[in-house]
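The following pair of complexes shares a single chain, chain A, combined with chain B in the former and chain C in the latter.
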Partner chain A sequence: MKVLTLNFLTCAVKSCKSSSDSFPLHPKDAELASDDVEVNPELLVNLLPRLDWKALKTTSTELGFPQLPDSPPTIDELQSDDKLLKDLHSLLMETNLMEGKLVCGVCGHEYAVREGIPNFLLPSHLV
Partner chain B sequence: MMASTHTPSALPSDSATDDVAKLAAAAAAAQAAESAEAEAYEKTHVHGVYEAIAPHFSATRYKPWPAVASFLQSRPPGAVGLDVGCGNGKYLGLNPSVYMVGSDRSASLVALANSRGRQLQDQHVQGAKKRITQGELDATAGTGGESGGAAVATEVLVADGLSLPFRERAADFVICIAVIHHMSTRTRRQEAIRHLLRCVRTGEAGQPGGQILVYVWALEQGNSRRGWEEGGEQDLLVPWVLKSQQKQPKQPKQRKGQKGTQDQDTSGVAASNNSGEAPPPPPAAAAAAEATAGLTAATAKSDQGHTDPVFKRYYHLYRKGELEEDVLAAGGAVITSGYERDNWWVVAANEPLPSQST
Partner chain C sequence: MLPTPSTSHVPYTLVYEPAEDSFLLLDTLSSPLSTHFLSHHFPPDSPPPFILELGPGSGVVLAFLTAHASKIFSRPDILTLGIDINSFACSSTSTTVSLTTSSHPTTSGHFLGAAQGDLTSCLRPNQVDVLVFNPPYVPTEDLPTLPDTLRARREKGEKVTFEEESKLLELSYAGGKDGMETTDRVIDSLPEVLSERGMAYLLLCAGNKPEEVKQRIRKMGNAGGEGRREWKAETVGTSGRQAGWEKLQIVRIWKE
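Here is the complex of A and B:
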């Protein structure tokens, strides 16, 4: 599961969704792996406005990466700064959460991640 | 119809009172009971079956539906899409310039989708390194290939369509192909569509909102050998024959002239001579347990290699216009809809309609 995908995931429990604390989910006991993925500048540039930057910053910090700036780069900055593009590519597209848990900040439920696949099926008392 | 058989059995018999609150509570309890029953029913007649037939099912699913392919190919670069009920992930990575995340209720299918996606990714990286021609890459990746970007097809997770873990209003599009017809009550089918709509962006001034594409099996299949047609039974158990893969001394005689088919739900049905049957009486817990036991027995048989086990999946066959009705009931607005080879499909968005419809 790529870090980029974590930016689009929240708790599966209905009652948590109305609370902003259910997003992003918090990685726990995370084992990361890095993939070799070809850089696709167009994809990254177009993805930029679709990201929740604040959540990405939280995730990145929680995974132990250097602090991201408070606000996202502009599209121009991203297009003109090769290092910035590569760094963002490496974080979003190449960094994978392979094992561990994703924890909801509201209900505390822990979703297991195994072999890069999170399982969001809920126990019956949470459905 | 299943819904009508559920309700009477679920309603407490002593609820005949004029106490409104009591009635409401009874109704809520009935609904909860019905929903729990429907869930248990689907567990046996949908989820359990897919877990059991996953590899075989996946091997027969590699050709995309044309309407789905053209919907995906027409998404703008960088669009973020979801595939709810992604199965073996055949649509993930079909358009390499969009980012897609797939979910499915079946952990076995999700695992298959993930390894498939990893293979595509590795092929792409190696391909890029070796600078192999775009044409060769397309042949392996099965993509349209007008973009040089790597197709993202690894992003899959296990989730229930009625408890999705996606950030709301964040996706540009959602596809949900051959999934909603497995929900056993109309309430649940409409609820499933509501969940899809919740995933996509709402339209803003001058900017169209995100779109969902839903594809379901049609009741009207006049040109297919299944023999289903207008006015027929809509709730069916459709057999899937699990051909044993282990070597067999002599091939048991194949059924007359049945070719292995590549796409949706033909192989299972084709392999059976009957065209589906009405589902059993209301799925009480006992019945469900019994059916589960039956399912296990069928699997055990195959281990001895004597008989091909038959699994029966529940389907609701949509009649003309019903899918659009369900979209409206779910608070959506229909943009376009149509029929393609035994299926109804609809492209919809959240109300209000985007200013320009595509």
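Here is the complex of A and C:
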């Protein structure tokens, strides 16, 4: 799964959802793979308003990617910042999480990721 | 006619094989009525639409939507995700979508991946712009559950037996009372799952009492957003008339 997916996912445990710490999930022992995708600045600019920037910054740091600015760039700033465009492209569109775990910041539950597929099915005592 | 994705690599003993219902979804979503609606609903300068298919199985529908994004949505920059309870369906979906998009590079959207999960439980609220669901709709006495032994083994990363996984095929069609037990959970979750501009395409069979289902959706109350918006539910595709009843239909659910 693409790293961008983490911007849409949260802990599957119902009682965690009301806490802001259940998002984003935290990668652990992550093995990454990279696809070669052509940079598409227009896509990144369009994507900007629907990203949760704070969560993305956390994910980027946790996966060892370059530090993102504290606040999201404006459209003009992003368009004129080749380095940021390239960093975002590489993180969001090219990087896949293949193996490892995704950990909830509230309950600590670890969701396994195998062959690029995270498993969000809960053991019966957590449903 | 847009080409149907190849699913010849999918193990049909473990994953639902594309059938009349899958093809009705393809036809309906690529019909002029639907593409016109979608292109107006998601104008080119709006953020990329996030498309979720629940229970993608072989991945035939999700691959079709992703690979033909610029024809179906009039823009190639869509993001797509599949969530299935069956781990084999997740792998099948990944493969089907990847193969199909790589043979349609100029019209394809962006496939985020497939996740194993129980319907929408792992999603952040109010993110989905288009939810597509070909549910387990056959009325059955009981609703099957994923065998506990299988779950435990998956957690330990062990291989599962053929008998256990065969149970998964039952999960793909058996819908419990009126064939609606799983679909009802999805309908109930729509206000929390769909974005401000979100909509859903839902497949129903005659046994699901589709007219009652649509009435129930229309009565879900205030749909939020600016002004007073309400939930809409209309049939946008049908197939197989039987004694005056449409055997299968696609209902579009949106807010207006």
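By our rule, the second predicted complex is superposed on the first by the 127 of 127 C-alpha atoms of A that agree within 3 Å, B and C clash if a C-alpha of one lies under 4 Å from a C-alpha of the other, contacts with A are read in each partner's own complex, and residues count from 1 in each chain.
The rule is simple: a residue touches a chain if its C-beta (ideal position, glycine included) is under 8 Å from a C-beta of that chain, and two chains touch if they have at least 3 such contacts.
What you see is a predicted model; the values in this text were computed from it and never measured.
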item	value
Partner chain in contact with A:123 - chain B first, chain C second, else both or neither	second
Partner chain in contact with A:36 - chain B first, chain C second, else both or neither	first
Which of chain B and chain C A:78 touches, first, second, both or neither	neither
Contacts of A:98 with chain B and chain C, given as first, second, both or neither	neither
First, second, both or neither for A:17, with chain B first and chain C second	both
First, second, both or neither for A:106, with chain B first and chain C second	neither
Intersection of chain A interface sets (partners chain B, chain C)	1-2, 4-5, 7-12, 14, 17, 23, 40, 42-43, 46-47, 50, 52, 93, 111, 115-122
Complex contact set, residues of chain B against chain A	76-80, 97, 99, 101, 103, 105, 107, 110-111, 114, 121, 124-125, 128, 147-150, 152, 154-160, 163-168, 170-172
Complex contact set, residues of chain A against chain C	1-2, 4-5, 7-12, 14, 17, 23, 40, 42-43, 46-50, 52, 93, 96, 111-112, 114-124
Chain A to chain B touching residues, read off their complex	1-2, 4-5, 7-14, 17, 23, 35-38, 40, 42-47, 50, 52, 93, 111, 115-122, 127
Chain A-facing residues of chain C, complex	45-48, 50, 77, 79, 81, 83, 85, 87, 90-91, 94, 110-118, 121-125, 127, 146, 148, 151-152, 154-155, 157
